[in-house]
Amino acid sequence: MNSPILLIDSPDEKGLIHTITGVIFRHNHNIIRNDEYVDHETGMFFMRTEIEGDCETEGLIAELTHDLPEGAHARFAPKQKRKIVILVTKEHHCLGDLLIRNAFNEFNAEILAVIGNHETLKPLTERFDIPFHFIPNAGLNKQEHEAKIRDVIAPYKPEYIVLAKYMRILSPEFIADYPARIINIHHSFLPAFAGASPYRQAFERGVKIIGATAHFVTEELDEGPILAQSVIPVDHNNSVNDMILAGRDVEKNVLAKALRLVFEERVFLCGKRVVIFD
Amino acid sequence: MNSPILLIDSPDEKGLIHTITGVIFRHNHNIIRNDEYVDHETGMFFMRTEIEGDCETEGLIAELTHDLPEGAHARFAPKQKRKIVILVTKEHHCLGDLLIRNAFNEFNAEILAVIGNHETLKPLTERFDIPFHFIPNAGLNKQEHEAKIRDVIAPYKPEYIVLAKYMRILSPEFIADYPARIINIHHSFLPAFAGASPYRQAFERGVKIIGATAHFVTEELDEGPILAQSVIPVDHNNSVNDMILAGRDVEKNVLAKALRLVFEERVFLCGKRVVIFD
Amino acid sequence: MNSPILLIDSPDEKGLIHTITGVIFRHNHNIIRNDEYVDHETGMFFMRTEIEGDCETEGLIAELTHDLPEGAHARFAPKQKRKIVILVTKEHHCLGDLLIRNAFNEFNAEILAVIGNHETLKPLTERFDIPFHFIPNAGLNKQEHEAKIRDVIAPYKPEYIVLAKYMRILSPEFIADYPARIINIHHSFLPAFAGASPYRQAFERGVKIIGATAHFVTEELDEGPILAQSVIPVDHNNSVNDMILAGRDVEKNVLAKALRLVFEERVFLCGKRVVIFD
Amino acid sequence: MNSPILLIDSPDEKGLIHTITGVIFRHNHNIIRNDEYVDHETGMFFMRTEIEGDCETEGLIAELTHDLPEGAHARFAPKQKRKIVILVTKEHHCLGDLLIRNAFNEFNAEILAVIGNHETLKPLTERFDIPFHFIPNAGLNKQEHEAKIRDVIAPYKPEYIVLAKYMRILSPEFIADYPARIINIHHSFLPAFAGASPYRQAFERGVKIIGATAHFVTEELDEGPILAQSVIPVDHNNSVNDMILAGRDVEKNVLAKALRLVFEERVFLCGKRVVIFD
C-alpha cells in the first residue's frame, strides 16, 4: 500500500481511458497496475490505478477533474491507515482475528476502540491495549442506546464501523451517518437464511453447504451490497452447534477479506452491487 | 456395486447394531463397510452395510424383520440397475452429461426414455439410440399435459423420474405417485433464489458465489429434501449470461452426483432432510 | 465472441496505455472491456480490449505497430471459430464432454476430427458425425506412430491439438510444431503427482484433496504453462478407483475451462507462466 | 466432548462389530454415534464410538481386551484436555489463532507453553498469560539446540508438540520421542512444493491454486501422514508476497482443523495414512 492509488468513477464515454492515462503520462508517472470496468447496466466507468513512486496528487486531480465528464470523481487513496471502531456482542472469533491482524499490521487499518453491548469481550480487547467501551442496552430503547454509542464513537472520528458479530439491528438514522462505511458479517450465505438463527435454519433445511457474507450495511436488513462470501460443506453428522463452530472460521475469514478489500480501496459502489479490483 | 448392500431404518433403541450385526454374523457374512447414523431429532436409526461375496438375502431379511423393533425396515438394494425416465425442456447440458454416463455405464442406472415438452433435444437423445417422446404442452392445461406424459411413462415402469432442466412445475398428483423418486436440478444454491430466473436474481443481488441444488421433488416447489449442492465464484465481470453458462457445469455435476448417491442406495429420507453415506 | 478483440503484448514503457487507447479513440471506437497487466519479472505489458461494434482492423493494427515499442505485437482475435483436432486413448469423459459442447456451440471452436491410438472411442465420436481416425501404435516406434498421426492431421490444418486423455508422450519434434497450441489435461494437481498413475500416488500419500491440471504442452513432461486447475476433497473411504471416477468430472471441467480461456483469446504466454484475463 | 469415546483398532475379522457392540450392550450403554472403517490394504479395523452418559470404562476395556483378536487395542479417550507445547519462529498468524482458541476453550487442548527460536512472538504469547521460552539457535548445532528445547519441554509433560510455523527441521531423535504426537503445518499443498519457499515455487510454476497441509511429523521431511489440507485460488496478479499473505489464512485454518481432529480423537494412524471420523 505504498504506491499512490488513483480512484476514478465517471459516467462512461468514448476515450475516457485515453484521457485519464494522458494526464498521468503528462505528469510523467508510470502505471504499475491498472484496472477498469464499465458497468453496462448503469453506464458507469470505474478505474483503479497504482502509480509508481511518489506523486504530486493535487495537480493531477485538478487536471483530471477538468478533463473528465460531469459527474466524475477522481481522488487518491489516503496514505494513512483507515481508522475503525468495532462493535461486538459476545462472540469472540471475529474480534480476536481482527485484534491479531491489527497487532501485526496485517491490514491497512487501525482499531481505535471496541464497543460492546455485553462486557464479555472486554478482557480480550484489553489484552491488546485497545480501549473497550461497555454500553449495555438493558433498559434502553434503540434510540437511547444508539445515542450512547454515538457519544462514545464521536471523539474517535472513525472512517469505518465494523460490526464483528454485533447482534443488534442499527437504526436507519445511525446507518445514514455512515453511508458505505459500516461493514457487517452475516453468518449465512446471503440471501439464504437472512435474519435470525441462520445455522438453525440451515440445519432444518438440510443444506449441504453453509457460508458467511460480509456486506455494507444499508437500511434494509441483510440487503446491503455484498463484499465477500465463502462457504464450507456440511453433512447430516453436523448438528446446529457443529455448524455454529465450523461457521466461525468462515465468518472471520470473510470479514477479514472484505475489510482488506475496502481498506486497500479495491471496492467501488455501483448501485446495489460493488465492483472489486482484487 | 457388486456387493450385496443391506439397508435398514428403524426407531433407535439400545443394542440395535449388536442385534443387526449378530444376524449377519450368524449367517456367516463378512462386513466390508458399515455406516450408521442416529438422528437425534427424530429418534431414527439408519444403517447401510456392504457385505462381502454372495448373500442369501431372503432368510437374512426375515430374521432381521423378526428381531428389529416395530416400525423398522430392512431390505437389500436391488442388484439390477435403476430404471429411469428423464424429462427435459430445451437445455442440453444435463441431458448430454447423463447420456454420456449412460453410454459408458458410469452410473448405476439405465435411461429408458427421454420426454421433452420441446423437440430441441430429440436429435441429441437419438444420437444415443434412446427413445425421445415429444409431448408439447401448447394448448393443454397442466392436467391434460401430465396425463399424456403419464401415458408415455407408464409402459416404461421407471423407478425414478429425473428432471434434467424440465422447466415446468409438476402437479401434486403427479408428484404423489413418485414419492422420493423424482429428482430435480435447480439452478441456484437453494434456498437462495428459489423460483424463476435465479441467475438474474443472483446478478442483481451481487452475490460472489452461485450454485446449483439437486433435490427430491415434493409438493412444495423447491422445498424437497436436498441431495447435493455445489458452488462456483463469480464477480462483477460476469453478466447474467456468463452466470448461466458457468452454472451449466455446476448443474450437470450436481445432478450427476445426486443421481450417483441415490442409485448407489446411499440416501435415506429423514423427515425433510436426508442422511447420506458417501 | 462477436466484439472485435484487440490483443497486445509489448515491452512495458511509460505511456503505453495512453498510446494504445489513443489509436482506438482516433479510430472512433468505444472500449467495452479492457484488461491490462504488467509483469514485473519480465517487464512485459499485456492488454486485451473488447471493442464495440465493427472495426476496420487492418488500419488500426498498422497504426499500433507504428506507435508501439520494438518487440510489441498487436493483433485482432480471428472472428471464425478455432479449428481443433482431438487426440484420445480409451477414456471417454473428456471427449464426451467436448463433443456435447461442440454439438451445441458451447465453445469458440470446431472439432474437425478425433484421432485415437485405440478404437474404443470411435462409436462415441461417430454418434456426433465427427470423423474418427484409428492410428494404433502397436508395433511402431514413436517416430513412426507420430508420422502417421501427422499425415492424418495435416489436411485438417488445426490451430490447436487437444490431448483429451491421450496417454502417450509426444516427441519434442511433434510438440515443436505446435508451440503453445497443444493443450493437455493431466489427472493431478500439478506439480503434485506428475507422471504415471497420479491417483494411485495420491491414494498412497493419503492426500485430502485431489485435482486436475490443464496446461500447454512443452518438451518437458507435465511442465508446460498451467492454464486451469481444480480440486475436490477425498477421504479414507475413497479407493484408488473411487478417485479415478470422481476425478473424471474434475478433469473434464478443467479441460473445458482451459479451452474456453484459450479459444476466447484470454490467455497470454509470459515466460513459463500465463496471464489470463477472465 | 462430554460423552465417553471408545477407540478401537484391531486386525479385521468376521463378527468384530457384533463382538464390540455386544460388550457395550451388556454393560447397558447406548451408542450415540458409531464410525467404523476396514482398511483393505492393511486388513485393519478401526472404530470410534460415542457412548451416552457416564461409563465405567475399566471393566469395559478389560472385557473388550479379552474378546478382541490379538493385536487389538481398545481405550477410552481421556476426559481431560490434551496438554500441548507450541514451537514457533517469527510468524504470528498460526500462534495468534491458537492463543485465541485456547483463551475461549475453542478446542480440546490447553497450551502449556510456547517456545521460540526467535523472540518475536514473546509479547503476543504473554498477552495471553502463557509462558514464552526464548531458545535461540545461534551458535548452537542442532543437537545442542534441541537439548535445550527438551530441557524446557520436559517439566510440561505435553501430550502433543505443535509446530506453528517453526522453521527448523527437527532431528530424527527428537521426532522419535513423540511418535504421531508432533503436528506440523506446511505452507503448501503437499506433496507439491515440499521443502523451502513453497510460495516462491508456486509462483514460478504458475499454479492456479495454492494450499496448506497439516501433518504428523515423521523422520522424513514433509512426508508424515496428512491430517488436513485446504486450498485457495490465485492468479497472475498475485505476487509471491500476495501468496504468502493469502496463504496465512489457509495455514491457520488447516492447522486448527487438524488439531481439532486429533484432540477430539477422530484420527487413527493406518500405515502412512490416517483414518479420520469427522
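Here the chain labels run A, B, C and D in written order, and each chain numbers its own residues starting at 1.
Keep this in mind: contacts are C-beta pairs under 8 Å (C-beta built on N, C-alpha and C of every residue); 3 or more make two chains touch, one makes a residue touch a chain.
Source: prediction; values computed, not measured.
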| item | value |
| --- | --- |
| Higher-contact pair (C-beta pairs counted), A-D versus C-D | C-D |
| Distance between the centres, which are taken as Cα means, of chain D and chain A, whole angstrom | 35 |
| Rounded Å distance, chain C centre to chain D centre (Cα mean) | 40 |
| Multi-partner residues of chain C (each touching 2 or more other chains) | 33, 37, 40, 237 |
| Overall pattern in which the protein chains touch one another (line/ring/star/complete/other) | complete |
| Chain C partner contacts - residues on chain A that touch it in the complex | 14-15, 17-18, 21-22, 24-25, 28-34, 36-38, 40, 233 |
| Touching residues (chain side chain D, partner chain A) in the complex | 33, 92-93, 96-97, 100, 103-104, 106, 124, 127-128, 237, 245, 248-249, 253, 256, 278 |
| List of chain A residues in touch with chain B within their complex | 37, 39-40, 189-193, 204-209, 211, 225-226, 228-231, 235-237, 239, 270, 272-276 |
